[in-house]
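Have a look at the structure below, then the notes.
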């Protein structure tokens, strides 16, 4: 019984942990403009993150080395240094977006303006990182993030024309009012939102911190393989809610408040409250993961001691890095930049940075000196090569598409 | 063609883009007011949603004000767009006061606050129609 | 002298003709095998962390400089491919190997001079130096 | 049984994580110092071995050029190395190394002084 509970908990936290501000905003924007015609990208992204996370977790568990130790060792200090700077910048951008998301969600709950919530959110993130046990932190954020299932409930209550939704999705039929370049720009953004690199840094660093056994590796693989696709369904239900209520009304999502209107229409204040708590939890959980990832990337590159398992005083530079990252994120938000815009930037640049970590992990997962008999099998390698092409293509296309479409406007 | 000016077609398309944004704000306002009238949405969410729409309208207004129309047609479209966006903004401001009044603010009876949701939705429908009209003249979707 | 000085150094023949750049420096580690302990078997125990054995557990002694690996082409990262026979994931190893074709090993005994004063560092080989196979 | 294992610096030594005797990370290998027999200057063509692992500023001089006085560089003697695998493991504890002074300074002057800085996160909720 305890085993079943443990497994269920792992899967539930993986579902709750999958959706963050990037998924939330990008899916709602896409749903309100393109209906479900980009649903296939979510599917591609989910398979990709399952592949990448399970590969990175296996490499970390078997070799005892986390992502950026491997990146540096394989690429040399120079290229890896550029890599770590880029990855840190994007993780910081994502952290900024998540803290902004917490503040926006609290604004929805309270009417108190986001500028007052931002420092509070930053302080709360730091306090949890400083003080709370890793497992408690992960489980509480993941389980409460599961309240986002309210979007799926709302979709059923709305009683949409399922046949119409399916027609939008397969074969993908973008609305005639949008340009092809805009369609592909949002395809890249959606891919970047599903396959965010920080999730992988976090996952692989966790494998090292928790010193996974063969058994842990198997459990975590199952958590990812079941939890992430279900999280993807959650993302799709956010897009579908927008497609059912907002798209026909001609509403283009530009703020978090619009994302929750379909939920209010379907389920009234109670379901609305559930979803807002879910958004606070999901963005808070993701803020913790991104703050940790910013510390992981720098500490692993320079070989400092790192980890949530150590007393802060025994990972002093790691904790100082995280404090600086949170302060920077809060500082950026206090310039009254629009958090939704920061989010859109962060998912696109996530797609740009993805090959920087994907390629070294794919290479090391094939190295018998590291992996012994745990090297990639033939199927994983075939899939790995397919995604190598997708990841590189998305990274190369992202910036030109962004310029051509004026960031999707 | 002079420096700093756009081609006529491009300028009219920019007007249309701003009006699409305004229409989205109008529809969001309608949805929000409707939901609040039916008790489906909480006061703070409604207030935040309308505040966000005022930001969006501000942006649309700015896009129209800073445009440099190269010919008579696009200039007319711009003027019309500015008027309709301005009128719509007034209605959204009223809607926000109505929300505040409903949430127990001490505004009941003030001149600017609409009597009920229906009166407000009528005003909103008129302002939205004007935006739609301007949008179709600018060749928008 | 540090290993960092030798890496990316230009390699010249005794008469000054350039033959390539130093892409790696090879050492021989004196190691003492531990008694009756195997790396792979540790991983069979489902309750032991997979990273427990961290590859090889042999005691390391002195690290003797054996020689320099010289590539006629560019320097840069190897991703760990060129001296092993790992072939996956296609097409990464194939591309990396192509860039580093013609790499050879020269014994440290065949190195006549290392000029560290100027940028780039120059390694001059002794007359009659031998090009050896770079395989590990 | 003693034998020799062949390793390449870039492939197996440089940029590898250095762990102390307790498995605590110390630094990554930024460079290796070569010495001749009896600790003399390393000379071309003659017997040379690794004298020490260099950490810290040597990373920046490798990346951006320039030089730091050799005697000022934080170093870990090669004789303190116990194992070479996916990480380089030492036979000494990191407290005994002066290579880690930034970490120790931050621990004593900043992080250790914030309330809860010495709290074990695994001990309780």
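For reference, chains read A, B, C and D in written order, and residue numbers begin at 1 within each chain.
Operating definition for what follows: a contact is a pair of C-beta atoms (placed from the backbone, for glycine too) under 8 Å apart; a residue touches a chain by one contact, two chains touch by 3 or more.
As the structure is a prediction and not an experimental result, all values here were calculated from the model.
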| item | value |
| --- | --- |
| Of all other chains, the one whose Cα centre sits farthest from chain D | B |
| Inter-centroid spacing, chain C versus chain A (mean Cα positions, whole Å) | 38 |
| Whole-Å gap separating chain B and chain C, where each centre is the average of the chain's CA atoms | 68 |
| Rounded Å distance, chain A centre to chain D centre (Cα mean) | 35 |
| Approximate Å spacing (C-alpha centroids) for the pair chain C, chain D | 20 |
| Two or more partner chains touched - positions in chain A | 63-65, 76, 370 |
| Overlap residues in chain B, where contacts from two or more other chains coincide | none |
| Contacts with 2+ other chains: residues of chain D | 10, 14, 30, 62, 86-87 |
| Arrangement of touching chains [line / ring / star / complete / other] | other |
| Chain C to chain D touching residues, read off their complex | 1-4, 7, 23-33, 51, 54-66, 69, 78, 80, 83, 108-114, 119, 123, 126, 136 |
| Touching residues (chain side chain D, partner chain C) in the complex | 1-11, 13-14, 30-34, 41-42, 44-45, 47-50, 54, 58, 61-62, 65, 78, 81-87, 89 |
| Footprint of chain C on chain A - complex, ascending | 61-65, 74-76, 79, 208, 211-215, 217, 359-360, 362-364, 366-370, 372-374, 376, 381, 384-385, 388 |
| Of all residues in chain C, those that touch chain A in their complex | 39-40, 43-52, 54-55, 76-77, 79-81, 84, 86, 88-92 |
| Chain D residues within the chain A interface of the complex | 10, 14-18, 24-30, 55, 59, 62-63, 86-87, 102-103, 106-107, 110-112, 114, 116-122, 124-125 |
